[in-house]
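Across the two complexes that follow, chain A remains constant while its partner is chain B and subsequently chain C.
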Partner chain A sequence: MRWFFSFLCAALLGLSSALSSSGSRLLVVLEDVAEKGSYGGFFGDLEARGFHLAFETPKSPSLALLKFGELAYDHLLLLPTKAKGLGPALTATQLLEFMKKEGNILLALSGDHGTPTAVQSLLLELDIHLPSDRNSLVVDHFNYDGESAKDKHDVVLVPFPKVVRTDVKDYFGGEGVIAVPRAVGQTLGNESPLLAPILRAPSTAYSYNPKDESEIVEDPFAVGAQLNLVSAMQAHNSARLTILGSAEMLQDAWFEAKASLNGKAITTANRDFVAKVSGWTFKELGVLKIGKFVHYLDEGVSKKVNTSSAIPENNPSIYRIKNDVTFQVPISEYVSTHWTPYTPPSGDNIQLEFSMLSPFHRLNLSPLSQTANATLFGTTFKTPDQHGIFNFRVDYKRPFLTNIDEKRQVTVRHFAHDEWPRSWQISGAWVWIAGIWVTVGAWVGFIALWLYSAPTEKVGGKKTQ
Partner chain B sequence: MKLLLSLIPSLLISGACVASAASSWSFEDATLTVQGKGTGVGAGAKEKLNPSSPLSKSVALGATDTLKLLLTATDGKKAKRPHQAFLTLTDPTTGLEESFVLSVKESGKGKVDLTHKDLPIQFLTSSKPIPASIVIGSFGSSTPYKSKVFDLSVTRDPNVPLAIPEKPVRYAAESEIHHIFRADPRSPPKIITLVFAAAVVGALPILFGLWATLGANVNHMGKALGNAPVSHALFFGSILAMEGIFFMYYTTWNLFQTLPAAAVVSIVAFLSGSRALSEVQERRLAGLR
Partner chain C sequence: MPPKQRHAGSATTTSTTPSKPSTSSYVSTSAKSHSTSSTDASEIARSVWNKYLSKTPQRVKLLDSFMAFLVVVGALQFLYCCLVGNFPFNAFLSGFSATVGQFVLTASLRIQTNPDNKSEFESISAERAFADYVFGSLLLHFFCVNFIN
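Our next item is the complex of A and B:
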């Protein structure tokens, strides 16, 4: 019997091997643990992907994000709560502290409940803005669900997002229509490169407060594509925060709901989209790993043939100016369950900087070869004609990808005295070299004359006169 | 039965279509005025807008002009107040959108004013005309209205500088940098070098020739070697050897190979030189020099 259990355990372990790259402990905070039934499909999907879910309410005394200064959970899913505050365990500072320890947060808002102040101040700190009144939601009179929101138009139907920039990898694309019921729209500050929209509202959508008595929208919070339904923030330490405008998107009721868009019957693709968003947030997607830098002196083909010194020394700590150097680095990307070779999108390049204070070289790395789980990128260049302490630096920061910033220091020395070209190789020096040897010859000739010259008759004759 | 069941939703939908087709949002009596600063009311270009077709020529908006749009929103044929009435500008190249809210009265009459101050910087610097569309929609089943009504071409006084804000930081690949190396030191053309080198080398035979004409000779070599063969040979040999050491130092040797050799040769030169030079002195005293 015992062997059967151990076999079962092993099988289960094997099954749950599909794991996030940064851990599987996921804390779900919701108003009432009984509420989790309505999110059953989403939680089931998460568990199938290998997450271990723990459920807490904000009021629970045992709730703590950090234990002994370390993460108690790797990921946090915050579902909307009715209370205005989130309690002492979930203040804005604590949520930030959680992110500083590389915890990831999926934050679901809801137009029905209003956003807790802790969440609002957290978002404000990150330059993400929510409508000032608590009940605002996004409506669109053009793309609404004709079944469930015939009059209110507050269930916005949007297609899967398209990548705006050609040099950004598409992690959220797909086929179908996503239902976003009663969403809280967000606007993102323009200054920070850490923020990125995932799903924008259609161009005719706007945010308004249904409690507002006026018959016409006069001063909307934001309009059209400037309004985000789902947006993301990735901190410098690659901790991720995703703001989901509508928590109802996660519910079973909308996973594969029948809806109608402008009279056409459709089935919502929320399950697919939500899996992508949660997968990205919980670091199953878009995670990069950089391997060891390899750099060596490239002495050309001629020196490499059949000599014991043909194998160049890897990663020397010193180079000379104007040396040819080859640089290589493997980079892998985590895709759901395992590490795969990384290929940047077509418009994008991984770049190597060879820098002393500022880069002297910034070169695109080209893929050289692939192994089972890494792509080897490399380039060859000539060290600049400036000696000093340089860095090989790969600084690869892109939206939706974890940050890579790796440096390796090397010394670049100037020419040694015996590495310069000899003077006879410089044609301009030939006159001077000839001058020296003519002087030498004349000197030897003069000594010979001084030692062995006999007095001439003539001169002697003249002298006697 | 199954067929019937599957038919029901589509029937419902077509029903909804019919219902919505019955009433749809639009506008009427729309006028567009571009008024220059200081000109009176009623002055300036006036255009009538048609909900079904856009204006054929684009509307110019100068730096001091004000664009006024007046319209009456209608639901079906009736004038009605919609919840949403926007004038939306879309940048044709970047896709940037900006909406301006029309203030609509109870009667459905709406208006919006537009000046350069209201426009974001991207529209002010746009070279192409900007399509402007009107969006009218509201809750309920009426079909909303959205259509391009005119092109707005923003004209700007080129002499007035525009404060263009700095582009915000976005993570992307930066432009490549290739270090520009200092130019290699250059030599003059080889022909010039060779001419001057030949002139220098040619000076040696000329010098020897001149000495020869003045009566220089080596006639006493036999005598000197006869009087002091060892010291003369060693002395002259050591001088030649010293030059040879210099040559080796120039080509291959380092200082630590050069110095001992030079020391040995100079001791030989010193010892043999004193003997050789006394022989020369003897010849001088004998009047042979």
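Our next item is the complex of A and C:
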């Protein structure tokens, strides 16, 4: 019994020291459990980062991604298998169901094995396209490894990816050269905003089937930077799917392999790159957390009544039009082990929308202060001259960052009748005020004259008649 | 007006129809004295003015002068609105409508108390008309002051 308790304690301790932001249970599906030796370095790195690895084969009867409708594992690593099908537990529907429950998938393909139909239909559903013939590889006659692929040119050497845009955070950058042996290239559909390339093939690469006997490749599947060696899909619920074109990248043999690029001896930096890709996929990187919205009436300058500006009442449910309102929200980013203050990349801004159907304000939030775990973003604005039901909304969706879309509803009322300025406070009205009182005064004078002049006039009038 | 110019004698009768016959003798003499130069427009205006001065009762003149004053005040306010703009629009409305309303009420009082209209307002005495006028005016002032805030 004692061993059981100590095991339980160890398990709980392991759970509590999990380093991914979304859980540490990682299922690895591979052809044969004995095969895991060749990925020893990668699995060792994952375990060192706090993941609890479980190994299964597709044929295993106990394999299930969901248990009682809940996730049985938080993350899934699918390594290539020889079989065409992946079995009843790993259909495309079940993989999608796994992602709907916010499970993350790292999918490794291989040009040697061919892609299982379940994976193919999953990718097709996500608008990611693989070459139609099962044995296509990415080859490059300029950036190949001279040591291992002198003749076939199917080990592509690429530098670390650079950020495509300056206002996107760089999660995959680094120093060195990555070896991508016998990769299956993917192309991404243009329509889906959920897809993003991580590593593109060099401009001289193309997709090629080595079984094809012909000398000249006619009409290749894709060429150049159209081919993605590693690509990512992040769903609306921030579940992540990363497609790794080459499973061999994860193997010990390529982690720090000696290679030569155009006659120059180099050491591949796969270990670093793979750690970044798996860290991103398993939610160790690029995870944002939004804290509690704080908004309050900022009566500092505009309003004459300023009784308790020291401690304003937070988050009132009602504002008036043309009120000065201050809005604040803390945002954190998870970096490998802990929550840190989030700083958006230069050129990018987190924005607040004050919206009723459409935004009446869309304002950049500026960082006000930092705590150990969060940056406090805030702004001050004047509510629009329109009453109704409004939302404070922070909608921040960026490549490689989990989605933020938070709203709080408030009512904006119009002026109460006693909130308008009095007439004499508006200098423009003075003439008309004078007009009224001149009329009233003249009327009083007229009444007095009328009454004063009454008897004589009446007598005179009667006399004349 | 042209018939007046052609027949000075008949002009006296037409102009005196609203006024009382008792005062017609004075008017006709004054008109006759200027009959030679009655083609001059200023002369006609002067004769009309003189007739007004001589034949209108004192109270009606008082009413007329008050109404003329209201017209001037109202016109000044409207002019100011045109020149400067109607920014506190409620202020313009209440200031301008105070003069307009007062003008209408005063005109009503003039109709009801004019001795010429006595036959039409047999049932309403001048005192009754005046009391109505005071009540209506106070109501108007209350609304205007309230509306200008």
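As a convention for this text, the second predicted complex is superposed on the first by the 404 of 465 C-alpha atoms of A that agree within 3 Å, B and C clash if a C-alpha of one lies under 4 Å from a C-alpha of the other, contacts with A are read in each partner's own complex, and residues count from 1 in each chain.
In this text, contacts are C-beta pairs under 8 Å (C-beta built on N, C-alpha and C of every residue); 3 or more make two chains touch, one makes a residue touch a chain.
All of these numbers come straight from a predicted model, not from anything done at the bench.
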item: Contacts of A:Gly176 with chain B and chain C, given as first, second, both or neither; value: neither
item: Partner chain in contact with A:Pro359 - chain B first, chain C second, else both or neither; value: first
item: Partner chain(s) touched by A:Lys322 [first = chain B, second = chain C, both, neither]; value: first
item: Partner chain(s) touched by A:Val440 [first = chain B, second = chain C, both, neither]; value: both
item: Which of chain B and chain C A:Ile426 touches, first, second, both or neither; value: both
item: First, second, both or neither for A:Gly50, with chain B first and chain C second; value: neither
item: Doubly contacted chain A residues - partners chain C and chain B; value: 426, 428-429, 431, 434-435, 438, 440, 442, 447, 449, 453-454, 456, 458
item: Chain C to chain A touching residues, read off their complex; value: 20, 22-23, 57-59, 62, 66, 69-70, 73-74, 76-77, 80, 84-85, 87-88, 90-92, 94-96, 98-99, 102, 106, 115, 126, 130, 134, 137, 141, 144-145, 148-149
item: Contact footprint of chain A on chain B as seen in their complex; value: 9-10, 13-14, 16-17, 20, 81-86, 88, 90, 95, 97, 99, 101, 103-104, 135, 137-141, 144, 146, 168-179, 181-182, 185, 187-188, 190, 193-194, 196-197, 200-201, 203-204, 207-208, 211, 215-221, 224, 232, 235-236, 239-240, 243, 246, 276, 280, 288-289
item: Residues of chain A defined as touching chain B within the complex; value: 139, 141-142, 146, 150-153, 165, 167, 190-193, 203-204, 206, 208, 215-220, 223-226, 258, 260, 263-265, 322, 347-349, 351, 353-354, 359-364, 382, 384-385, 397-399, 426-431, 434-435, 438, 440-442, 444-445, 447-449, 451-456, 458-459
item: Chain A residues within the chain C interface of the complex; value: 420, 422-423, 426, 428-429, 431-436, 438-440, 442-443, 446-447, 449-450, 453-454, 456-458, 460-461, 464-465
